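First the structure, in the form of structure tokens, and then the observations on it.
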Amino acid sequence: MIIVMKKDATPEDVAHVVERLESIDSQAHISEGRFRTVIGALGDRVRIQQLPWEAMPGVERAVPVLKPFKFVSRDFQEDDTVIETRGVSIGGGTFTAIAGPCAVEDRDLLFRAAEAVKKAGATVLRGDAFKPRTSPYSFQGLGEAGLEMLAEAREEFDMPFVAEILDPRDIELVSSYADILRVGTRNMSNYPLLTEVGRQPKPVMLKRGFTATIEEWLNAAEYIYKEGNHEILMVERGIRTFETAARNTLDITAVPILKGLSHLPVIVDPSHAAGHRYLVAPLARTSVAAGADGFMVDVHPDPELAKVDGAQALLPEEFAELMDSIRRLVAALGPQE
Amino acid sequence: MIIVMKKDATPEDVAHVVERLESIDSQAHISEGRFRTVIGALGDRVRIQQLPWEAMPGVERAVPVLKPFKFVSRDFQEDDTVIETRGVSIGGGTFTAIAGPCAVEDRDLLFRAAEAVKKAGATVLRGDAFKPRTSPYSFQGLGEAGLEMLAEAREEFDMPFVAEILDPRDIELVSSYADILRVGTRNMSNYPLLTEVGRQPKPVMLKRGFTATIEEWLNAAEYIYKEGNHEILMVERGIRTFETAARNTLDITAVPILKGLSHLPVIVDPSHAAGHRYLVAPLARTSVAAGADGFMVDVHPDPELAKVDGAQALLPEEFAELMDSIRRLVAALGPQE
Amino acid sequence: MIIVMKKDATPEDVAHVVERLESIDSQAHISEGRFRTVIGALGDRVRIQQLPWEAMPGVERAVPVLKPFKFVSRDFQEDDTVIETRGVSIGGGTFTAIAGPCAVEDRDLLFRAAEAVKKAGATVLRGDAFKPRTSPYSFQGLGEAGLEMLAEAREEFDMPFVAEILDPRDIELVSSYADILRVGTRNMSNYPLLTEVGRQPKPVMLKRGFTATIEEWLNAAEYIYKEGNHEILMVERGIRTFETAARNTLDITAVPILKGLSHLPVIVDPSHAAGHRYLVAPLARTSVAAGADGFMVDVHPDPELAKVDGAQALLPEEFAELMDSIRRLVAALGPQE
Amino acid sequence: MIIVMKKDATPEDVAHVVERLESIDSQAHISEGRFRTVIGALGDRVRIQQLPWEAMPGVERAVPVLKPFKFVSRDFQEDDTVIETRGVSIGGGTFTAIAGPCAVEDRDLLFRAAEAVKKAGATVLRGDAFKPRTSPYSFQGLGEAGLEMLAEAREEFDMPFVAEILDPRDIELVSSYADILRVGTRNMSNYPLLTEVGRQPKPVMLKRGFTATIEEWLNAAEYIYKEGNHEILMVERGIRTFETAARNTLDITAVPILKGLSHLPVIVDPSHAAGHRYLVAPLARTSVAAGADGFMVDVHPDPELAKVDGAQALLPEEFAELMDSIRRLVAALGPQE
């Protein structure tokens, strides 16, 4: 931590900061400039970052040198985390395609979608039984019945599936069905939920809050990791900006940033970022180019019947074409180091 | 809903949209312009807004004419909602000061804060027993012990108190102690939590998500309202923007916008918006000028000992001064019509 | 400047940074932490801030301790700048009302507006002869003919006027007519224009770019100041955010931040921030509460005839009512220290 | 245009809007819903969009059906615009690499950069003689001397060059040297400058304002086009968001959106978006994947000596490696339809 004192800070103010540092077994390195005194704080990061430096007299601001997260950082683990589920590996140099309907609406539509994405080369199925909706009057998902259909589709098409978890009270239920649990963008800072998914055994997909910084997102992953669950997939799905031509702005730069800061696999969700079908394929292709470990897209056999996000779902034939170009791109870039 | 067709939409595309509208007992008004055909949809708003118009062939975009929320709108109830709790009225022309420490740390600090804010003119006490923290290594609150201290302070100083609820599993606990439950900015889109607070009897303070639009915020209020709880206070606490000089950007414009759209009382929280003590008093004063029904600020007898947000807490004497100027401003503007 | 080295920076990397610092007569204070080495750079701020520290091997990031602007800061001049023009003082404890039509459309409409705002208590007239418009097909202003009408209105109603300057080639023309030149939000980073207004003798109103940070805005003021023109008024007029309910989000927090960082007067323009008439009066009132030195609003006798921004113009009677409440608020707060 | 009336709009309000529409030879289609009356306006887009509908009594809002720009839209010209300069074609299915130093600092550094980028496969040289800098104390460019060096490099390495134009007074100068003129991000809404570049004969590269919507950006291109210059290249270079891990957020989604809306070529500048060298190559690769017509990157033989943006410049060997992967990606995707 670097503590910048105000222009008019007194020697007592400086002494007080030093004293507080020493009280937590940290050291103070003082640099006196012409206009400002700067105090470098050396010691235990967590203890230092917890004290309210900016509440102390004479302090202008406190700038952290180290990130607040530990276990999810590359500093802590250099090698990529690889997640295994029912024979599928995610991360560590592979590129994984995850696809399926946004929500489970009925058995037939789900099975048609699952069959199509499997055939085109997807190895993980998506489909939700619980949906967080902006309006209370929108379809909220089929609940356990939806999970059952997903489990049947898993057997039929031999693909693990990922499903959203909204409520800490549903942990046992969802964890007993799904192969991967997903924490959605609206719940990235729902700490009770993060804690619960950290305590169950299935891998967790953590979507970026659409207004979360990358640092906040890694802090959310740290919540899960520190409870004992180390199998976390980070999903970039677009952030909220002033631009309204797409639903959100896909932050493709987050991919290489995250690969630098963390050992966790990074997946891109172009469907929810774009909100419009015609944008999904080009954005999906950028995920390969940016170095992501995979992508996740909405595919629906009849988007007009979709109860959630039909406007962004690819048709099965569009998805098959996309997969062709994805394979060519993956081959062109060769194994990622 | 207004449905704008693509330039190259076919007569079949138009006919299909009309047919879908008629299938839900709605009417279509067709305007054929030189470059685009536009279809006005007349009928039940909820049914119309649920269909995926943009997934249909030939549709460019669908523009809602009506807002998606109903019960919380001025269209539904013209008169201001007034909330009563232990003899304090909020809304409907009064101006309410809510103050206290951000988090409850110990009995002594809480009581000193409560005494000070009561004396200066606050009528509702704030103080949290559960805190959502960005880092898992930060102080997370005292839990039930904190609620007990708040209940004692309530008796001692004869002030109702508001406290945060984070987890739907804590509803009974928090509701049994607090006079007003607060849903925090990170939980504005936590729909299971919104549903639960909508089913318990205490008034609910709903903070705006720092990345939520005003429309999404009113939708969140609608979740609570439709469960049967009509006593909702809307709290503006700053939004996330590119500006980093303050922690967030207080969206003071949201106050008159909300007063126009909704009958619910609007409170301003300048402390969490600002993040810095020196900004709190001027921002608190803008809440009166903008026509809010009250404000809520952090006050701490010794901010350096605060475990949460010490940098933004007012000292008791600063709060007393602020209250003086607030009273003068309220008097200058006279009763709000 | 504080230079944070990468985790794997070598002693040579550190030595190289120290050498570069010494080559510009600056000193290096080195703190070696467990994970990172941090170098405090002491010396001439401008020389230090110009070197590309982050391009050097082993450097993670460089954090400035001091702001890049000098002359416009309170560090440089403690007392408020007061601007005098034709008997009107702006800044230093007064509160100034600036009003008039957005653009000059014809003599009659201008004179009706000027008469009304003068009568209600405004002391400076606004009205533009050159308008920057998003669409090339929109009305672009009357040019010199508009300036002539403004000069006539100045004589008739005995009020100085402020007018926008768009093009460095028009400097002599606009400066020969207007009492205050305004640089608009789209030109805040138009450095040739800033340089030219810095070289002419009339005071300059510098609107904040709607996407500019407060620091960039003060840097823009520094461009003007360093050319010799010290009479600069800073105008907050809303920033671009994700919220679309108002045209822009008035950043009222910028007022107290700016009063802390700089000695220049701060004016609030609620009209362009709001974009809707019904929001203008409450926002104008917040400018007093936040401690601004004045406000500037659009007033038009017949907004439907306005060629620019009619939707946000106050009617003369609305402006008169607003001025009444402004006077009461100014009296309630008393002289600003 | 669709005009939505307020809930309490009177029949007179509706009649008045209709009358105003008829006064400009447009037609009104009226739909009366249960809660709102909606008026569809049919007629000349420009005339309709100029009237201040939202200033009229009883009008809630006016929603444009058509975009305000015409000539730069795909509606106006279906085929891709292809720009030719000194034997290089940009747009229409090719992929162009533009590279060189951010600013021209001296002849030797420029020539070393030009030689390296030419050898690696770039076909257009970049390098600026005029630089817009946030701080007035930063290096502002070599002016004409820099343009002369660029012209020499053009001859030596047989590559056209692109250079920034900042000031309408420099048009003749820059246009007489450069093969392509660039309007920078800070000047995207500098209308006098747009008008001037529209009147000279060289192609114009128009960078997106870092806070401009795609629609505003196309409006800016329309300013140039309507003056007679139809050779415009659109450059996406990142937008300002709340995320600070990179300098700006590259809006890669803008590429397919723009390809849909307009016939103009789209170039991606990952260097200025990223601000950090390690992010440039992955982002450059996303430009191919997203369907752009080329990319532009900063390359410097010795970034530490760079006077502008050294932290983001690629080394010549890094650029050569990037070009290898770009060629493989272009081949993998095949000719863009």
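Chains here go by letter, A, B, C and D, matching the order in which they are written, and residues are numbered from 1 within each.
Methods note: contacts are C-beta pairs under 8 Å (C-beta built on N, C-alpha and C of every residue); 3 or more make two chains touch, one makes a residue touch a chain.
Please read all numbers here as calculations on a predicted model, not as lab measurements.
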item: Interface residue identity across copies chain A, chain B - same or different by half; value: same
item: A-C compared against C-D, more contacting pairs; value: C-D
item: Cα-centroid distance, chain A relative to chain D, in whole angstrom; value: 31
item: Centre-to-centre distance between chain D and chain C (centres being mean Cα positions), rounded to whole Å; value: 26
item: Chain A-chain C separation of Cα centroids, rounded to whole Å; value: 39
item: Set of chain D residues in contact with two or more other chains; value: 211, 240-242, 244
item: Residue ranges of chain A touching chain D (in the complex, touch as defined); value: 211, 213-215, 239, 241-246, 249-257, 260, 273-274, 278-279, 282-283, 285-286, 288-291, 325, 328-329, 331-333
item: Touching residues on chain D, where the partner in the complex is chain B; value: 2, 4, 7, 29, 31, 33-36, 38, 40, 42, 63, 65-66, 75, 240-242, 244
item: Chain B-facing residues of chain A, complex; value: 46, 49-50, 52, 54-56, 68-69, 132-140, 166-169, 186-187, 189-192, 209-211, 216, 219, 222-223, 226, 240, 276-277, 303-304, 306-307, 309-311, 313
